[in-house]
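Okay, structure first, notes after.
Chain IDs A, B, C and D follow the sequence of writing; residue 1 opens each chain.
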Amino acid sequence: MALTLEPAFTLTVEVGEPREVGRTHAGYRRVIPILGGSVDGPALTGTVLPGGADWNVVRPDGAVHVWARYEIRSADGAVISVINEGLGYFDTPAGGVSMPTRPVFEVPEGGPTWLATGFFLGELRVGSEAGQVSIEVSRVLAI
Amino acid sequence: MALTLEPAFTLTVEVGEPREVGRTHAGYRRVIPILGGSVDGPALTGTVLPGGADWNVVRPDGAVHVWARYEIRSADGAVISVINEGLGYFDTPAGGVSMPTRPVFEVPEGGPTWLATGFFLGELRVGSEAGQVSIEVSRVLAI
Amino acid sequence: MALTLEPAFTLTVEVGEPREVGRTHAGYRRVIPILGGSVDGPALTGTVLPGGADWNVVRPDGAVHVWARYEIRSADGAVISVINEGLGYFDTPAGGVSMPTRPVFEVPEGGPTWLATGFFLGELRVGSEAGQVSIEVSRVLAI
Amino acid sequence: MALTLEPAFTLTVEVGEPREVGRTHAGYRRVIPILGGSVDGPALTGTVLPGGADWNVVRPDGAVHVWARYEIRSADGAVISVINEGLGYFDTPAGGVSMPTRPVFEVPEGGPTWLATGFFLGELRVGSEAGQVSIEVSRVLAI
């Protein structure tokens, strides 16, 4: 494997009370609102903006599918759209305490274009504090 | 055409101030938060729950792509997930004052399953009051 | 409802033998290859190009989700990408002999741009001949 | 980063002549048909089934977005659906000779369920022979 992971930044996301949709044709759906947070790391610093949510579902086969959409603002003032999708088992006998994700970014002109054109891998982890989730984002580099 | 449109209900959605992402590779991106609202009609009544947003983009070819995700609660208490996607020109010389959309619903057990399994067409219209959008939803029936 | 349907053209699609994936977390998945066909109507004429498929699934709630991706070539020589998504019951006691769909088109420069920027509704029907499916496509106009 | 990559298998995919859609609102679109191939590795062996394609686009910002959908058959006879999405620069001054992707698998009952519920990373590379592409697939494990 000639792909390498380069640590980029960590999203620390404050989340609200889950809203339960319940059991649908897709599985058990819950919606977790995004309240704010911070972006810290060698490649980017800024804030997580309030708004958006994680619409996650426990699928019929037991895997958890995470799909979150929200915005961050870089220290330079660029508003960046985030879609973060993950799949795995989360904090259960079947899985670990973290879940792999693939965050995708949409970046305005003048912003950090490497975020829009790069491929990233995230590690989503429930924070040590209640109502907090962290995603360690690494850039996947093809050599 | 043997498809017929059967009026089902109207979503009246209160929206907040747009958050501008700006010009990205996909076009000009804006995020419009959902603040609440009501659901009224022959087939469903209830409320639009606060949370979620419309992540719309004016594409390079000038068409407006609308993609909103949020929840509603029926009068019976079912929390229903909505994804409403539209495409068109909106309130411009090139288009009318409304835009066609296709809303897709995810419904919990015990809720209105016809919403989950049916195909719907919406007509999205800027409300007569500021900060208000309406979507008249019709069921598309194949005879 | 101020939306009107304007008949545009009919896709007559020749399809091959289904490939069965079987029962997955999403439902019962089948893949139906696209072999070719024709495009006929007041707004567009041309051919359906071989390639692509309909990856449909019978969901756990019994509804059939259709998702097909393929290309057509207009009589003027433009190669146009089609994604046609539908939802309903198909040719069963629960449903009729046709299913509503929403086809989305991607059109090259110099091609029929109204296809790329318009909103369309399709009526998918199993053809009178084996191995044939037709989709009557109408433009949805917001007045 | 506590995520680790565990090599799983390599997809060697034979591809046909590209079909050019051309410049659309999304960028420059090309469709590359899948003709067949093989699956080899410690975790899975089998064949790539003919059918499906890679609908890739060179976006306005120059990044290449890959989106391929096709099927593979395991040596045990399970037909598995693949959607492989990638983003990067490919074999250009701006990028390397390979591109990161995220393949997602849909697996029937009795098949390799770890493929359906796991998170994978691919490295897509143009093969040494014309008309051949390889994707080295690793499982992303969260410890």
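In the analysis below, contacts are C-beta pairs under 8 Å (C-beta built on N, C-alpha and C of every residue); 3 or more make two chains touch, one makes a residue touch a chain.
Being a predicted model, the structure only gives us computed values, none of them experimental.
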Contact counts by the stated rule: is the higher one at A-C or A-B? A-B
Counting shared numbers against all numbers at the contact of chain A and chain D, is it over half, same, or under half, different? same
Determine how many degrees of rotation, between 0 and 180 and to the nearest 5, align the Cα atoms of chain B with the equivalent atoms in chain C. 180
Rounded to the nearest Å, the gap between Cα centres of chain A and chain B is 25
Centroid of chain A to centroid of chain C, CA atoms only: how many Å? 34
Indicate the residues of chain D shared as contacts by at least two other chains. 25, 61, 63, 116
Interfacial residue positions of chain D with respect to chain C in the complex: 19-26, 29, 31, 33, 49, 51-53, 55, 69, 71, 79-81, 106-109, 116
For the complex, give me every residue of chain C touching chain A. 25, 27, 59-61, 63
Residue numbers of chain B touching chain C in their complex, please. 1-3, 5, 7, 61-63, 86-89, 95-102, 104, 113, 116-119, 121, 123, 136, 138, 140-143
